[in-house]
Amino acid sequence: MTDYNFAYLDEQTKRMIRRAILKALAIPGYQVPFASREMPMPYGWGTGGVQVTAATLTPGDRLKVIDQGADDTTNAVSIRKFFERTAQVATTTRTAEASVIQTRHRIPETPLTAEQVLVYQVPIPEPLRFLEPSEVETRKMHELSDYGLMHVKLYEDIARHGHIATAYAYPVLVADRYVMDPSPIPKFDNPKLSNCPAIQLFGAGREQRIYALPPHTKVVSLDFEDHPFEPSKADAACALCGDDASYLDEVITDDAGTRMFVCSDTDHCSARRDAGHCGEDAA
Amino acid sequence: MIEVENVGKSFTLHNQGGVSIPVLAGAALRVAPGECVALVGPSGAGKSTLMRMIHGNYLADGGHIVVGGVDVALADPRQIIALRRAVLGHVSQFLRVVPRVPTLEVVAEPLVTLGVAPEEARARARALLARINIPEALWPLSPTTFSGGEQQRVNIARGFVHDYPALLLDEPTASLDAGNREVVLSLILEAKARGAAIVGIFHDADARGRVCDREVDVGHFTPAAA
Amino acid sequence: MTPLLEVRAVTKTYGARIGCRDVDFTLWPGEVMGVVGESGSGKSTLLSCLSGQLAPDAGEVLFDTRAGGPRDILAMDEAGRRMLARTDWAFVHQNPRDGLRMGVSAGGNVGERLMAVGARHYGDIRARAADWLARVDITADRMDDRPGTFSGGMQQRLQIARNLVTGPRLVFMDEPTGGLDVSVQARLLDMLRGLVRQMGLSAVIVTHDLAVVRLLADRLMVMKGGHVVEAGLTDQVLDDPQHGYTQLLVSSVLQV
């Protein structure tokens, strides 16, 4: 299949997206509108992330794609195959070996480096959306740093649940300026957003927005003085590799409700097992 | 304390062909501290009109109405508000209050507005209500449901709760029984004794005779027929 | 004493139609001013212009800011105006749904203004919200309920608490008792009067209800066709109206 332009998108489109990415990097946390294209996949499957990845890839890159931490789910596999076919780039499942990582809803456990670009798939880029339905008003609020409403959401959480129950897509303040939705990553991952050596790009295809965190940007999770932000995870260790510090998925194993916890980051888990670590259920 | 000089008043009814009804011309009046002056004259002569002009309730067409150094005929609304708050008390024949506010609060309000602590204001209101024989059981109720005589006494209590240097009394003893009439007359005499300048309208000639130092016949200010 | 609000020649037209024209007045601290007139007389347009929600075509609106003294709010930037709107001003809408966040609990509605000006201590925010809800007779057990579950009168009281929690100095009210039962109106009027007095508030109240202005307002401005036809002490304007329109207005009130 040589009929595709490199990385599927035509050069003019890539140029347009790269301009949006550069602008986004210049104004950390600001949502840059872009002319999102139709992609050969449905909205919600990462059309924004795929376009950002397509505009970012060079022939020498090595791509990794994860979906909720896993390299082997349908979404991850199909996007990886898409770029293998349309860009002929090398792919990998190893975080450390990848130069571009497209992710849905996780940040890899392995610390990222200055040589890497992390591309997030974003369903709803506007953190104020659920409280303020008007786009005109939310833009005005961003313009004026008028962010009291964001804390109203957290207040409602505490009033209703006794603690900040928002567990994913937890809002952050970027470089003391813009409030940003970090995409639906678990709040466990929020601390990794801050001061990260890698470039972090966020693409929302349906909503036609791109935003970014340049390397080493200060990112603060919003909270109250008396209810400080706490990254949380299941209080258990991975049943396969025994790690008690990584983010865990709960897996129901039978109809009786028996469950086990395993690392959500499959690469992290297999690397640990390869290195000889062992969880209690490891076969 | 109260000086009225060359004051005129006419009403123009714009919606009835712009007809103008002259009521007063060249009205003049002086009331010294400690003095009580009765406005007399036939019905329709303009007694209430003159009193309302002193209160700032009606606009004067010309002349001067000086109360405690403020010319009501020329003053800004806020000056009149300040005057009414501290200097010029008024007992009208009508009780206008927010519905459902307890009588005690209604009477204490002028003091609270002046900055008296609410507890002290209520204490003085209680003493006054007791003196004019409003049963204590009624104090927590709104006066809007009271009888005419009771409402009149609540009005009087409001007018006497603060020691205003100047007082306007419009029929303060109307619709009162003999006992309460005596109480009100003694309140007026006490106000005079402390130096209040009082202008009153009393249909009750006996009451007028007991509290008033002189009478001013408003009929003298009736404009010559045009 | 410095006037709290000085309005000079404010004019707003909608094409050929006049919203309000050449409106001048001065509001002093602690004063309550009523604006009456029939529908379309320009009173709501004026209120929007005064509160920075609508840009007039001409005129000045000087507000005595805490920090910088009198400033023309029309020349202020949006950020400054928003800050004023949530610190020194309050706006009570006729329909509480326009002034409340219906998807947010009562406590959150009151707390929003505090959070907007930087409060970041949940316990403090909640305590102050609870205090204000109590002051408008909303019991603590309703604090986490949404306004949609409240009666009309409660919603209006909640709106007032939400507005007054930051201790504003100037309150704009647009028909605050409109759409309420008379018995609920009376309670609200009494509460407003008490709050105005306790907090030393100044207020501009737009209404077509003359009984409301008689009880709440020190001064009155009568508007017709976008113009102020008469202004003065409230009881003087109502009892001795000078302008034909005011005379008509006063004589048109139904007596109970």
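When the chains are written out, they are named A, B and C in that same order, and each has its own residue count from 1.
Everything below uses one rule, namely that a residue touches a chain if its C-beta (ideal position, glycine included) is under 8 Å from a C-beta of that chain, and two chains touch if they have at least 3 such contacts.
Keep in mind it's a predicted model, so treat the numbers as computed, not measured.
Within the contact network of the assembly, the step distance from subunit A to subunit B comes to 2. Relative to the centroid of every protein C-alpha atom shown, the closest chain centre, again from C-alpha atoms, is found for C. Computed from the mean C-alpha positions, the centre of subunit A lies at a distance of 76 Å from the centre of subunit B. If you average the CA atoms of subunit B and of subunit C, the two centres end up 32 Å from each other.
In this assembly, the C-alpha centroid of subunit A lies 46 Å from the C-alpha centroid of subunit C.
Interface of subunit A with subunit C (complex): residues 131, 140, 143-146, 148-149, 151-152, 155-156, 158-160, 223-227. Residues 28, 31, 183, 186-187, 189-190, 193, 197, 214-215, 218-219, 232-233, 235-236, 239-240, 242-244, 247-248, 251 of subunit C are the ones touching subunit B in the complex.
Touching subunit C in their complex are the following residues of subunit B: 11-15, 52, 56-59, 77-78, 80-81, 96-101, 112-113.
Every residue of subunit C that touches subunit A in the complex is listed here, in rising order: 78-79, 82, 86, 101, 103-105, 107-108, 111-113, 115-117, 120-123, 125-126, 143-144.
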